[in-house]
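Read from first to last, the chains carry the letters A, B and C; within each, the first residue is number 1.
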């Protein structure tokens, strides 16, 4: 629930490829084997847990309580239909897409020019400004949620997606600026100089030369924001109060409370899958980029 | 390098914003409408000039109804039918329900602040009291209630059982329409009592004798949703009510010296509550039960009785196995004290928002909703026991209805603590009561701790 | 100064200002307001805020629920931290270098980090269920009947159950963080160690750990922030009604509850903010202490 301050999304830096030899020594081999087994078991439990939710979301409650492990003979997609319409996950899905995409686009659009001049222009107070913005990564949501909620309510943005997006952009800015500043700093200066000699304006240099060069970094920052905002729950809970404006997280929360009246666990898991699936799919497709960007981030 | 200072414009902007940050917070908020003033003016029926759709007006009106129900609760289907029927009768009136769930009052407060204008608010009326009524946010319905009842004789007011409108209304006004009344009862399946040769007990000792008998047959005496602190409170609420009186918990909770808790009858009540788990009267694992697991287990015969309010059959309407017959009896007398005709009760119903934009139209709809014909399916299909005078027997709740009819006195759940000291109930009493009910705390330790924590609580909430 | 640099400086304001304005309005102004608000008694509605100085802060030490929530936060930092970093160390030890299985482990253990915590808390609520939960079911299959009747979500065990679930959720991130640092170490170090016949444990203790110490220190700070701010998972686990049971409240949960309320509105905005300020102060102190304790001379390689 803090502003995202994960070490960095940034260009992938491929490590040296040579593989160190496997560790040797018979002593500890069995202990090592047990350790490996444990780590792999934890990994398996993660796949199993997530897979189990998907399978369960396709069962009827009767099937679930008859045997929690059994894979249903025919998938019951009506759980999804119910969650989507009656459970309000359909409307919430749209809200989540708007909030997540809108915020991620806006935050990168705001952060990129700022990061560009912060990393590549010379002016007094630059370091101070960089540090001041980076300090924003340390402001936890729990400190500011009451003033923010009061402020947004007083300008008519309480209980609205627009208000939520403003907050998302604000809390994600420090991290995004920080990461992109680091990224722009790694780009070569010669191209910039060459463009100036060719008569390009400073804005033109940024727009036509640097921005395209920075695309991998922008993309990584964008995706990190997408994933982070997709799973954001606290701010949505604080700000959104009526069902029509709910994002998926709060819609699932309200479903969790109200499905209690029906004891409809499989319907609840269908809602869980609706919430979880986009993030998991994006992750599976891009997992290497993720892991590598953390590799890069931890370098600092 | 000849650096220049940061451009002055930015510095200035930052200073201005920082200054804004330091303005006193009171000033940063919109001017309040006098929220503590009693309802007045706008709330009366017929503030001149406002449309009057109760007479055959054709001006389109949309009534905003904020409900503490969730859309997938079973009886909502019947609600929707009433709404559709009303709309068919009054095509110009559209009724828009926002299903907010049980946190309605908490979520509604900031919405009201930022300009949302509901007409009808539907909630537990003790919660309404604590959340809206005490700040004067609900309207007096007296003049509407003077209008004739639909499909009956006399006024709308006459169609309510005596005292039910007043129980949780603002004094001197009628601000609540308690169409759903929930009496605390001990529920059981007739078949279980038949099989074991039991009959409804009138005293605590008789009840414990039944439990002992069932124990011999390895049937836990009571189902209990241990994970739900509000449900665990029923025991302490009823035991203290019988032993001390309906205001027992409020008296003890609001005594800043903590001394009231030390009176012997409180220890007696705690001792009896603690004896349940000691006797093995709850199913194993009940303390971790996740609502509604325990009530479903109970209706499927995993335990014999269930202490709860009469919404229980309504919630179980589509989960009751064939052959199950809902019966209930009022909480018994304890050590010869209290009376079984003193009924602990929740009221659920409508209030009209103080600044409702369509007060007249909303009142007309509520009058329709609570008319015998419209309301009947909620009784016959979903077992609503009502604060309305009625001859209709509610499904699975006949006992509760007749117990209420026979009541000589009624009092609120936990003696009204929900309305009087909700935060105390939630953060002090319920956690301790859980420990007592689970057998983690002896009765004596419970009394010592609750007394001390009451002192501490009022110290930090002066 | 070159003309180029001067030209570039002219775009500083238009390029930085939009981001800076949003940043200041959404983060800085509210953060400063929070300190101000913590000195008031205020519901947010109608009646004006009443200035009460430090009374909100004075009420904190006597607040039993605050103490309970703080203990839970500290338990999470310490016990959860031991679990999270214990797992990361183990993974690093048994999967050293870029050996087989490591890529798989990395991809999989990180997965819970992308799944919304509220979804995971629904899963764990089911896993821990007494009657039909996966865990008791597993024990039943294994014939461990005494374990199979454990009430994981009962008042005694629920806090530990939550910590285990959170370790499961967060361990992946810290594992990846440390693995990533270890991957940048020159492979010849490991080759040399292999030649000398060092065991895996020795390699980890003598080579890997000292060389990634700085990253570990960052990781510990991140974990403190994660654990002290924990809200989402705890908010939704174990309960199918509104709030979680009080035994597992963390400070952010309590702050949220005092700020808004559950069924009954509370709206003690001033007190809630004062608690938030105290939480931030605690986090800062913890981080300063931890950084001091973990300070080591940087090892060059």
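A few comments on the model shown:
In this section, contacts are C-beta pairs under 8 Å (C-beta built on N, C-alpha and C of every residue); 3 or more make two chains touch, one makes a residue touch a chain.
These numbers were taken from a predicted model, which means no experiment stands behind them.
The largest tally of C-beta contacts between two chains is found for A-C.
Of all the chains, the one whose CA centre sits at the greatest distance from that of chain C is B. The mean-CA centres of chain B and chain C are about 37 angstrom from one another, to the nearest whole unit.
Centroids of chain A and chain B (each the mean of its C-alpha atoms) stand 40 Å apart. The distance from the centre of chain A to the centre of chain C, with each centre set as the mean of the Cα atoms, comes to 16 Å. Residues of chain B found to touch two or more other chains are 1, 4, 7, 25, 29, 102, 110, 113, 291-293.
For chain C, residues that reach two or more other chains under the stated contact definition are 1, 9, 12, 16, 20, 25, 28-30, 33, 37, 44, 240-242, 260. Along chain A, residues 122-123, 129, 147, 150-151, 257, 259-260 each make contact with two or more other chains. Those residues of chain C lying in contact with chain A across their complex are 1, 4-5, 7-12, 14-16, 18-20, 22-23, 25-31, 33-34, 37, 44, 87, 90-91, 93-99, 101, 104-112, 114-119, 122-123, 126-127, 132, 134, 137, 168, 171-173, 176-177, 180-181, 183-184, 186-187, 190-191, 193-194, 197-201, 203, 215, 218, 222, 225-226, 229-232, 235-236, 240-242, 251-252, 255-256, 259-260, 269, 272-273, 276-277, 279-280, 283.
Considering their complex, residues 1-3, 5-7, 15-16, 18-25, 27-28, 31-32, 35-36, 38-40, 42-43, 45-47, 49-50, 52-53, 65, 68-69, 110-111, 113-114, 116-118, 120-123, 129, 133, 136, 138-148, 150-151, 166-167, 169-171, 173-174, 177, 193, 196, 202-203, 206, 227, 230-231, 233-234, 237-238, 248-249, 252-253, 256-257, 259-260, 265, 268-269, 272, 275-276, 279-280, 282-283, 287, 290-291, 294-295, 297-299 of chain A touch chain C.
For chain B in complex with chain C, the touching residues are 1-2, 4, 7, 9-10, 13-14, 17-18, 20-22, 24-26, 29, 32-36, 102-103, 105-106, 109-110, 113, 124, 127, 130-131, 135, 226-229, 284-285, 287-293, 297, 418, 422-423, 426-428, 430-431, 434-435, 438, 440, 453, 456-457, 459-461.
Note for the complex: chain C touches chain B at residues 1, 9, 12-13, 16-17, 20-21, 24-25, 28-30, 32-33, 36-37, 40, 42, 44-49, 59, 62-65, 125, 128-131, 149, 151-156, 158, 238-242, 245-247, 260-267. Within the complex formed with chain B, the chain A residues making contact are 86-88, 122-126, 129, 147, 149-151, 153-154, 156, 158-159, 241-243, 254, 257-263.
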